[in-house]
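Shared between the two complexes below is chain A, which pairs with chain B and chain C, respectively.
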Partner chain A sequence: MSTQPPMVEVKNLWVRYGKYEAVKGISFSIPKGEVFGFIGPNGAGKSSTIKVLATLQREYQCDTVKINGISLNKAPHLIREIIGYMPDFFGVYEDLTAREYLHFFAAAYRIDRKKRKAIVNDVLELTDLTGKIDAPVDSLSRGMKQRLALARVLLHDPDLLLLDEPASGLDPRARIEVRELLVALKEMGKTIIISSHILHELSQLCTSIGIIEAGEFVTQGSLDHIYKRLELSRVVHVQIVGEMNGVCENIEAMPGVKSVTVQADRLAIQLQEDQLAVEDLHAKLAATGVKIRMFQAEAMDMETVFMKLTEGKTA
Partner chain B sequence: MKLRRFQISLPLLSKELTEMANRRRTYIIRTIYALLFLGCIGYISLDQVSGLQNNPLAILGRGRQIFESMIYLQFTAIYLFLPAITCSVITQEKEHNSLGLLLITRLSPSTIILEKYLGRLITMVTFLMLGLPILAFAYSLGGVSPAMFINGLWLLVLTMFQVAALGVLCSSFFRTTVSAFIASYVFGFLMLFGPVISYELNLFFFGDFLKMITDQVRDMPLWSNYISARRGDLSLLLFAPYWFDRLSGGGGIGSIGRTFLISIPILLSTFVFLIFSHYFLVRRAFLPSRNYLLNLFKSLDSIFSKINHNRVTRGIVLVKEQIQLPENRPIAWRETSKKSLGTVRYLFRILIALEVPVLFLCLFIASSSPAAIVPGAVMLLWFIWGLVVLLLAVSATSLISGERSHETLDVLLTAPISGTDILTQKIAGVRRLSMALLVPLLTIVLFEAWWKWEYAQINPNNRNPYELQWLPYLIGSLLTIGIYLPMLTWLFCWIGMKVKSQTKAILSALGVIVLWCILPFILMFPVLILNPSFNEESVIYGLFLSPASYIVINEIAEFHEFGTTWGPLMINSFIYGGCYLLFRYQCHMHIDKNLGRLDSKGNFIDRSTLFPSGKQSLLSSDQ
Partner chain C sequence: MFQGMFALFHRALNVDFRLTRTHLFRFLFAVMILFSLMMAHTTSRFMAAAGLVFFTQIIYLNFVFIIMAGISFFATAITEEKEEQTIGLLLMAGVNPISLLLGKSLPRLVSALLLLSVQFPFTLLAITLGGVTFSQVISAYIALAVFLFFLSNLGLICSVVCARSRSASTLVVLSLAFYFFGIPLLKWILLVMVQQGWISAGSIINFYPKLILDWLSQFSVLSQINRILISGFSESPWNMQFWGNLIMGIILFFFACLLFNRFALTEISTSPGRGLIAKKKSHYFSPGRSWSNALIWKDYFFLNGGYGMAVIKLCCYGIALMALCIFVAYLSRSYSREEFALTVFWTMLVVLIIEISLISARVFHVEVQWNTMVSTAMLPQSMSKTAYSKVIGCLLSLVPVCFYLSIGFVLCIDEMLYDLGMVLSEPGFWMMFIEVLFFWHLTALLSTYIKWGALPLAFVLMWVGNMFFFFSASLITLGGGARAIESLYIVFTLAMFVGIVVSHFVIKERLIQLASR
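Now for the complex of A and B:
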């Protein structure tokens, strides 16, 4: 019985540019189907690490860098067939149309000629660019160019997506569109490494994160795990109908509730999830007999995590 | 504190000079220039000094030759380097998106132009000042009159103003440094030699018009001695070295007066260039990315299409152009169907644009020259060679550096195409361009070979027998063209891989080729200085270390020192055939390293042994 290797396995990776050490011995492992968020300030070493995985970094030292069990040093040509890399710039040929651009890369990835047309149509549909198939690339908006770059990444159906700041410089609508696209890819079981500054978006997308600062990992793991490790509490917003007499005191008395703050139209309950789960809080509240109009758990506050763990240093 | 109010503030100039001082490149270039310049002067002076071992005092009074050599070299340096120095002055700001920021400051457009202009002039002055010790030495030897001294320096300064202003104008007009660079040299050439060519060919009756003007001017005082003998003098009004040559013979205040009079057209041209620079600065500050050549061809396409839609032809199309998508060689497809210098249809137009004037000029020259060597054809061939080098430098260096500049290289490199395959496909467009450029070169060479053959029939007892040897000439020329074109392509491609920015790559490529052509002559100087008894003839084949030597020697048939035409041909072909193989090998063998990605080192892992990813297929077309 063979056990599947992790999609990405990195041990003791160092990247140096002259005397400057961009990445200082980081190690991480990403199982298949995971969405790994690479978070860190500018100059932390995110792009350098992603470039190593994309076979675009010649000078680096490591104990192991493997993708899908293949050592990066030994067979970069095979690695290139299973990755889809999207740099933090567009990387599109402005003298081509969207169709020509995608056919160009379909040919570069040696996709069967008979299948190319259908595949190009599929990725354009997935990225909602079908209407722009014959538009010159230089006439597309930033968001469209970014989606076209994503379409290009998906052409050869790669196992691993390396996305370096895919939403940088996009307007809110384009950001949401890209995020929805990534959610769709996640649901399809793709392994994705994504670096971004937009922490809120990563928290909705990533199954695990790694926070990197000055070339070193500050922390890594699942969001819940990091949350618990930092003893950060989740805030639950509750609207209760009717009189509030003694309700706050009752809630505060519940084990796992850190505090209750009365806001204009709601209560903000700080919860320690390792002691009291969100759904248990709901059950307990209902059991007290209060009428609940709204019950909303706040998303993990990744900005708090980020600020708590990093000091704004660069390598 | 009060004094501060009277200080002149030149922020842009200060920034330019600080940047220049902070760059290590500035000092390297200055040192190389000093070595080249002093080497050239030394080489030129060597002949004068070498014959004087018995009477060292005979050198006194010979300062004139050294002075003239120095002035001509400085003229050459200005014409060669100043366009390159100035052409990026505004385009750099455009490329960095910082021109808009400058325009919204309190600096007026004229201040921006003038400060930028001054900044580059100071750069050139620092180069020219390297000639001061030679100047002092030449003056101390005697033979240089004060008038000649003033004339020389004044004309140098004027030329500097004129060429720098032209560079600034091109920089203000064009969007990119590369286009400004090419335009500076092309317009510079047209400005200096366009009128002479038009005069000689009497284009649009320009020759007749100039002769009429000359007749009027020659009667005017001051001018009479200088215009009367040569009717074409006025066509060289903007070319200062010519007037230095004409006026340096005279002396006294009169000569200086004439020099100032002669400098009026040069000064006027300088002002015109600066005014136009000012005019274009704001108007052309924010230009969209545009391929001028491609746009020109596209507009020609629409014109031809309109002409074709008439009652007679009714839009008939003989060869239908199909919009094809890439099949197996996508990079080659893009290079040969999307680039202006790679597409067959557009290359054919370039070929016609070059070939028709070449044929016309060959016929014109043939009907007017009675000599075995046709100077016009020789000049034309050298001009076409210059054009070939320029076009190859632009296209071959841009192959990789262009991808880097447009940030598309990383994406391309993550595709599973081997480095060698990328290179082979990339070069396809340049190969087509080489083929197109081959035709005018071959036309002139065949014309000259035929002319030599014809002349040998008519006049078999020519003074120089090498001038009549058409077969060695033809074989030598064909071999040179056959070797040089691919050699230059691979050399430029290699430079394009090494140098990160496209502009720097093109400038470096042109710098390398110019240096390669002149360096062997400069390097010869220390050998001869250290050992005056050294026999020059023993190293005569060293001339061929410069790729330009054989082309020049073959054209002017100066094979006397070699005693044969075949020896130089073999040596030259051997050297540059080797260089071609070397550059090709360098490009192919180190392609992944030069591109900056991991290479496969020949390890092969069967893909079928890989672990299956077990993921859901993304595309409906796979299901």
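Now for the complex of A and C:
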């Protein structure tokens, strides 16, 4: 049994703004190396929770809030050394160049002067901003500023990243770039807490999610666990070469297949995974003798989960 | 056509009504009137024409408030829309430029005029206290109202022409300086030229400019108020100052409309800009690599201009001091080293106070303005250290002024030490010293709460506080002698010192709160 403390441990957290209760006694625990997706409608309490973890929220009540075993209210300065926080809305020093901006924060994080240049170059390369090193920050596009902020967050090599809506307001290309960057960070073993409205992207990135509504967790756990609990089906797209006579009926007759829809160039097969695994469907299809040109299981439909679990309430 | 104007007008008045600070401001004003009334009532026992004292105080109080409103309230009418980048949206919504200008400036003018009008009945009490006639009251309020109209349009045109609130406020200050001091200065120059025999008194070069300047000087509200406050004033309120200010106000509004499309629709950079700071590392004015205390480095270079600005200040202050010394030498006909040193020292002391005042208004405000507090708050250090580092970074920009200040001090060190020995034992000196420190702290604190105008607001608060203190002190120590006044000074100094210490904690808490937003 592992003796390592979880990276994040929250028990019975309450955040109140006057009479308004933004977070109502939520508890969760995130092991090291996990990517935890924080999902919820606007005003659900996501940003308040993340702000507590980022040591920026002064007024809150809890039984425990620990990061890497360190209690949050006992040593916030120690916590800040192991976390990197990127808020949903932030400003950057626009009169500085990207190089000056990162060197400024590297010095502020007390990174050794000799190592600063290499670290700045590394984070610029990771965020694909090397070509913009001497560009003034105000000349960068919003996506680039977002990546620059992420580069700033990575300077001191934090173990935990708190990213509040990192892709908000970005165009599709910039969103994909940020997602790829987060995948790279996940592979580097960072623990990431990410809140986002772009559910499809979270489903490709997160190892577990927590859905929060009106300040309370509606559900939390791994995606598979949640899908199974909600008895949601997975959609598999299949392109078959040649005549389709009787193929749909054969597939529909297979145990575990809920429905088959004929689309323009493919079949969309709804599957109940607890009865028929995706790979078993492939084997069964092949066994019927059809020629398969394309076989692609769709990522789990998190939007359905979200809509099924939430009611659009705010705290 | 004016639908947009009414919408903006309605919204501005609604917002104004909902804001607590508007009512607090009015309350403060009412307290000050009440206080002046109390003063007049008290002084009426041993002084004739107490009504005139009361009336004078109220009129000058209004005058200061109008000036402050011009610098902060009116000068930001359009620039705040530019900074929020909402001018385009308003125009897209079908609001034409004239409606926009009227919709933005009129509510502010109405709010200020309301403040003037509500005090009118109270001011009439001055007549019953004696020393003031009804015609004086009417004339004074008309003079102030029309000056307010002129100032609101001056603020509007500055707001149209300038990209930022700060530059618009600066332009209003410069314009007002010319309005109040320009004409007297030109008249004085003309007089000196005649006295020196450079031009003859009866020549055209003297006659016509003098005639024009005399005519223009009648436009000054300050001269008009001074005339009104003289006992026995019975002139018509519809005089040159009234018509001059009214026509100038209309002309300024007309120009604001003309220039609107040229300036207001120009895309402004949201960046504060680098100024003289070079990007190339090899350049003399390059900020180079970050210092070990990065916040000091950043604030010194990017908030205060760094080495480039230091060099400019050294040159400009040097030239200005040299010109001033030559001027003083010319006037006094004899000039000693002590006189030169004292000129340098006192001039630079004033510049130092002004520079620190400007720094205190900016040091934290820029972080709030650019939403960067959250990044700074995440650094692994306390907010106090962050705040002090920022202050040190800004104070480094005072090196040029301190350089000349120390030259002035060293050149007359004996006299300075003697004077210091004299004043250090005076409670009044310490009160003044602590008061200036308190003013800077108050400005810094206010700048974290309000979008613009922290410096003028702090100035007004200090002025009101002082007025209140000195009057209270004179009442408390009535018949108590110098020792009683000194004791009161000491108590007041200690209270302000405690206020300074408390302000450090309040600013820290405020910055933490801002970072969490």
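The rule is short, and it goes like this: the second predicted complex is superposed on the first by the 312 of 315 C-alpha atoms of A that agree within 3 Å, B and C clash if a C-alpha of one lies under 4 Å from a C-alpha of the other, contacts with A are read in each partner's own complex, and residues count from 1 in each chain.
Definition applied: contacts are C-beta pairs under 8 Å (C-beta built on N, C-alpha and C of every residue); 3 or more make two chains touch, one makes a residue touch a chain.
Keep in mind that what you see is a predicted model, and the values were worked out from it rather than measured.
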| item | value |
| --- | --- |
| Partner chain(s) touched by A:122 [first = chain B, second = chain C, both, neither] | first |
| Which partner, chain B or chain C, touches more chain A residues | B |
| Which of chain B and chain C A:136 touches, first, second, both or neither | second |
| First, second, both or neither for A:96, with chain B first and chain C second | both |
| Contacts of A:81 with chain B and chain C, given as first, second, both or neither | both |
| Partner chain(s) touched by A:104 [first = chain B, second = chain C, both, neither] | both |
| Partner chain(s) touched by A:32 [first = chain B, second = chain C, both, neither] | first |
| Intersection of the chain A residues that touch chain B with those that touch chain C | 51, 54-58, 77-78, 80-81, 83, 85, 87, 89-96, 100, 103-105, 107-110, 113, 116, 138, 149, 152 |
| Sites on chain A touched by chain B in the complex | 2, 4-5, 7, 32-33, 51, 54-58, 68-70, 72-78, 80-85, 87, 89-96, 99-100, 103-105, 107-110, 113, 115-116, 118-119, 121-123, 126, 138, 149, 152, 154, 157, 159, 185, 188-190 |
| Residues of chain B that touch chain A when the two form their complex | 289, 291, 325-331, 333-334, 338-339, 406-408, 410-418, 592-593, 596-601, 603-605, 607, 610-611, 613-622 |
| Residue ranges of chain C touching chain A (in the complex, touch as defined) | 269-274, 277, 279, 287, 289-295, 297-298, 302, 370-372, 374-382, 512-513, 515-516 |
| Complex interface listing, chain A residues touching chain C | 51, 54-58, 77-78, 80-81, 83, 85, 87, 89-97, 100, 103-110, 113, 116, 134, 136-138, 149, 152, 156 |
